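For clarity, chains are labelled A, B, C and D in written order, and residue numbers in each chain start from 1.
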Amino acid sequence: MGLALITGWTAFPRALYVRREQPLQFQHKTHSEKSGLTQCDSCHVVGSDGEFNGIARIETCAGCHAEKVGTSKAEATLVDSYIKPSRETPWLVYSRQPANVWFSHAIHTRRAGLACTDCHGAYGTSDQPKVYEQNRISGYSRDVEGHSMSGLGRAPHDGMKMSDCEDCHRRRKVEVGCLGCHK
Amino acid sequence: MSARYGFVIDLDRCTGCGACMVACAAENNVPPANPRATPRTGLTPILVRKVSNGMEGAAHREAFIPIACMHCGNETPCVRVCPQQAVEVDKETGIVVQMPQRCLGCRYCMTACPYHARYFNWWDPAWPAGMERSLNPGVAVRMRGVVEKCNMCSARLHSAKEKAAAAGRKEIDPADYIPACAEACPTGAILFGNLADKNDPVASASHSSDAFRLLARIGTEPKVYYKSTEDWVKALAERDSPQPTEAQHG
Amino acid sequence: MGNLLVMDRRLIARGAERTSTMRFVLWLVPWVALLALGIYAAGLCLYYGLNQTHMDNRFAFGMWIFLDLGMIAMGAGAFFTGFLVYILKQEDLKPILNSAVVVGLICYSGAMAVLMVDVGQPLRAWFTFWHPNTHSMLTEVTFCISCYLLVLILEYVPVLLQNRQLRKVPSFLVFEHQLHKLVPVLAAVGAFLSFFHQGSLGGLYGVLRGRPFAFRQGFAIWPSTFFLFILSAIAVGPSFLMLVTAAVETFAGRRLVGANVFRKLGFISGVLLGAYVAAKAIDTLVWLNITSRAVGFTPGDFYAYKPFGSALMFLEIVPLGLIPAFLLTLPVTARKRGWLLCGAALACSGVLLNRFVLTVQTLALPTLAFDEFLQYTPSWQEVVTFAGVIAYGVILYSLSYRYLPLFGQTKGADKNVSVG
Amino acid sequence: MKVSRRDLLIGGAGAIAGLVLSPVPWKLLGDSSIWTQNFPWIPQPARGPVETKYSACTLCEAGCGIRLRMAAKCPVGITGVRSHPVSQGALCALAFAAHQLNWHPRRLREVRHAGHAASWAEAQAAFRKACAEGPIAIIDGRPGRAASSAFEAFTRNHHGSYQVVLSAESQALSPYARWSGVSVASLGYDMENARTIVSFGAPLLDGWGTPGRFTRLWSVRAAGAADPQLRLIQIEPSLSRTAARAWRWIPVREASEAALAAGLARVLLEEHMVNAKGPMPQLSLAEAAAATGLSTEAIHDLAHTMLENRPVVVIAAGDNPAIAALNVLLGTVGAPGGIVRKRGDVPVQIAAGSLPSSLRAVLVDSTVPWEFSIPTDAEVFRFAAWDGGGNKAGWLLPAPGFLEELTDVPTPPTFSRETYAVALNLVAPSTEVQSAAQFLLKINPTLPVVKKVIQARCEEIFRGRKGTVYGEHAVAVTKIDSAQHLEEQLRQGAVWVGDAPSSGKLQCDLKEWPAENRLARTINWATAWVPPVFPALGTKLYQESNLRELPAGRQG
């Protein structure tokens, strides 16, 4: 029994998630501190009709990185393999929701006045991308599923599953039906 | 304020062209038919049915009746029977929402629906190579083994909401939300609007003397109204009125 | 081969007469083949999806649901006998109790298995427990049936533990002893659950206000079919037990239970059947003249389409309802085993017909004024899948009968064990 | 140490208990169900910026205005444009899925010669050789486009002949063209001013002309009214969609329309119901009645009903002079609410019915309907975006698909005013394609280039200072400051519409009642549509429902 418990709690989680590296060692820190892109929406823009562009497309990067800035290896990869051929960077999106989820950044930031960090944590100040852990079966990012296996002792912005959305909505007494978040 | 969206469909104006069916399918990422699909195993969230008065010769008349989910407002049959809340009546809009990702495909809701407005995905959805690029990003593709139906083009409601939020408005602009079928109808036979709003043309149309609903006596309060000036067409509303027969092939 | 023989012999209770291993194996072979075929067909439906069946958007339920309902009605004998024996203290029915449990287990587990193939997304079926819709009859059914299936398994375990080999494990003996104490409780729980889901199965169709052919008025949240199903189920449960027992007796070539047991079962069955038929008649009148007329549906809308004429309704109520009721209760016929079994058979087919009409005819009939009457014939995958379940039933029962004291006739064997 | 049966059993029980207390079973249960919600083999929409573009549908000559919703630079939705003066927001059923056509399984992806794969270079060489060896013909399915002028120029330079295939709508107008000497392309119906329309089998409510124009008109003025402002009388053997919704449906025998026309003419003339004195048809009223299966009274009544509400115009389904002659009697040719002349002279086109013999090669443009079989034994170079099947002879050349080429959209034949629109190449071709014009340009670089011709046409319109440009707003040409600006607007999906026709200047004199009756080619939703294939979603109409049938010779 003990054996089963130990495997179940330790080995299993390791086996369940595949750990993947981002295509580029992107540094939020440098961009916010050195390049003066202090606001999240300097790159992650909500458009006029409320549509959210998510991670900046390659044109945006090219705005500054048309030529190599600095000598880092990541910089070289960025310019040579993405900007020059104007290929989109295949980012692994930590908070990517499944296809049937409709989430409007406009509604949550403009109307509800949430801060980016409320859901995404302080990731904007990280100096290198964390490892992307993907569930082998469901294909979800572990940041969506939440890191704690037992679901206990979670950080406030750990996990972006339906239950997490529901908790927040309950706390803020905002009632929505299925249509509110699903398409 | 909460809305009660609904349709008033003028059968005098329906020429049975089928634009609503195609527009609906394109908007909602409904896949083209599997080679083995038939009218009884297909996916047509809105289906235009051809009816005739059963007469011969010059007295023979035909009409077309577009049938989609009636978004029943009372004792909604499908909502009542779904074992795991994959269907619900949206409080805010009155839309009867089907959530295929929650559905386990027991099809109890299909037996419950008197309008046959619910469809089962008998096959995995498939498009010819490359055609998946033409899919509408606002709508999730369903998978095999689940039930789907008209959700009143909720994707369009979503973008309307988002637009409103971006503009700092709380209510959506009615002009931003019109389902694909109503928008597509070349003769303007399909009228869409908020039945709860007295000033909405749909509300008034639904009260016209020519307006009727299908099987209204069952008491499910459908939010889809029909209109016709022809008596034999009006007679199609209820079962115990003289019955025309379903005509084959258009 | 040799040690198979030995094993077989060692598993059979001492003193119990069983046919030779050879004949037993030969008997099993065709059934095992059928079961394999059934599993293959079910596999097709699970792998390629339900397009393998002939169900469609209008015939969303098919042969499977009809037979599930039928099977579960037949399985009612299990809980009802338990109820009679442990709650109503009808000790003389005890001999068939084990057999009843096995029959019940087979019917319920079989139905469950078919349902798992019938739904489009079996891997999501557990959502019903996670996000239950308390208004849905199907939720009620799912909960009760799965719980009752557990109960049946728990009831089956002590029977299983009476096997000669398993009795050798002391801890099992203790376990069985404890379980035996528990059995009356289980029977009570089982009875409660079963009454409920038998009813909900009826409710399943009775609540369909969109299907005036099935829709019924009711009491509180339950349509009349809820109660009719309970009544019909407990009425035919015993009858079905009689048929099964009789069948086994024919194969075993000797009487397994006293004639008194048969007569009692028959009597109970008959009385309840009579009550059911009476209730059904009243319900039919109310429904035809009030319920369905109120929504603009006339009997013509229901019985104008062949083969679903009013003859079917008559057949269900008189030849397959009233007549068996008399056959089972009247002393004249009840004394004769032949008549008794005949009555039982009629009763069972009557209830099967009822389930058929409610599931299939409901969907075949038009609802909208411009609907057409629909036909549906099951695909071979549907038929074979179900045949597989029957095979599974036969196999499980045969094994149980061979190695377990189904009819409490292994008393002698017990003695031997305690001696040697 | 010996493991007893008991130890095993206990151990097993323990392991099970342990697993149940660990996340394993629960996580697996959850993840497997999530997996079923996102099966990896279910296609997902592409992510990318969403934008809106306006253009004109190029799938038939109607040129309806379309609004495209683009995601990741690919159209994901099509809707009509309410402000479009011709289509008025309406589209045919198929147009709503037209953006899927470019991936149709029958998309022509390679050059084919005699059924085998070939290269563009080979095709070029073969056509160049043919031009050098003898006379060639070019067949155009949609005259009046920029490409058409390239075709004409090429045939002029290479002593070839330029011929056109007319749509059924244009064919219905050709009798008037023959009698008046005015080109078909200059004629149209002034339906907006008509109060009675007598249709001899023309599917007016089923994709005829431009889907929007008449359906909207009918919907506003006729639908559902017992005594409508606009009376639609449908004469047709079977209860078509139009007949089903018409004010009156007159069932007649197959192909007896001309006889009925003659019968009506007799009543009109004998009872002096019209000013015209003749010509009188040879057919007697009784004979007409016999032919049509109607009673003489019925024909008589019909004649009277026709005139109750004037102006009345008669519309045929195809080239049927007897029916056209009715309009002449009724005096509706050149009159408001009748047949009108929408513009000055444009060159009269030769219909490709009979090609000159001894041709070396025939080039067929992709606008020619697949059904049109080329009456020649010369080498055929057929351009097509989709393979309609059955074409094993000659060259099959992959043309640009839906919105894959820059083209202009001239006025639709039935419309009463001149129009001009431009359709941009909004979609990058998914395969190596060439339009016929591009192909010819490679052979003769002096040919007019489509882009240039469009520019010239815009300047012409600008200098003409007539009409209005309907884009986001309606702007009179006089208010536009430059030809470039006008062109820019058209390139963004606006449409130019000329001023109301100056009626008159259209004279048809009939010496005798037209005897010959060419069998009218009836058209409907499917044949008005040029590609030989339907969008995949067409199955909703003809496979997943009984609403329509897939017409013979069409590919799903």
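The definition used in the following text is that a contact is a pair of C-beta atoms (placed from the backbone, for glycine too) under 8 Å apart; a residue touches a chain by one contact, two chains touch by 3 or more.
Everything numeric in this text was worked out from a predicted model, so none of it was measured.
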Joint neighbours of chain D and chain B, given as chain labels: A, C
Chain located farthest away, centre of chain D as origin (C-alpha): C
C-D or A-B - the one linked by more C-beta pairs in contact: A-B
Per-chain Cα centre nearest the global Cα centre, belonging to chain: B
Separation of chain A from chain B, taking each centre as the mean of its C-alpha atoms, in whole Å: 37
Geometric centre distance via CA averages, chain D-chain C, whole Å: 63
Between chain C and chain A, distance of the C-alpha-averaged centres to the nearest whole Å: 53
CA centroid of chain B to CA centroid of chain C, Å: 40
Residues within chain B bordering two or more other chains: 38, 41-42, 49, 101-102, 124, 138-139, 141, 143-144
Residues of chain A touching at least two other chains: 51, 98-100
Residues within chain C bordering two or more other chains: 121, 124, 127
Inter-chain touch pairs (all): A-B, A-D, B-C, B-D, C-D
Touching residues on chain D, where the partner in the complex is chain A: 14-19, 21-24, 27-28, 30-32, 34-35, 37-38, 40, 44-45, 47, 49-50
Chain C - residues contacting chain B, complex: 49-51, 55-61, 118-122, 124-125, 127-128, 130-133, 135-139, 142, 204, 207-212, 294-298, 301, 362-363, 367-372
Chain D - residues contacting chain B, complex: 36-37, 39, 41-48, 50, 69, 71-72, 74-80, 89-94, 96-97, 99-100, 103-105, 205-207, 211-212, 215-216, 218-219, 223-226, 239, 241-242, 244-245, 249-251, 430, 525, 535-541, 543-549
Chain D-touching residues of chain C, taken from the complex the two chains share: 121, 123-124, 126-127, 169, 171
Chain A partner contacts - residues on chain B that touch it in the complex: 88, 90-93, 95, 97, 99-102, 138-141, 151, 154-155, 157-159, 161-168, 170
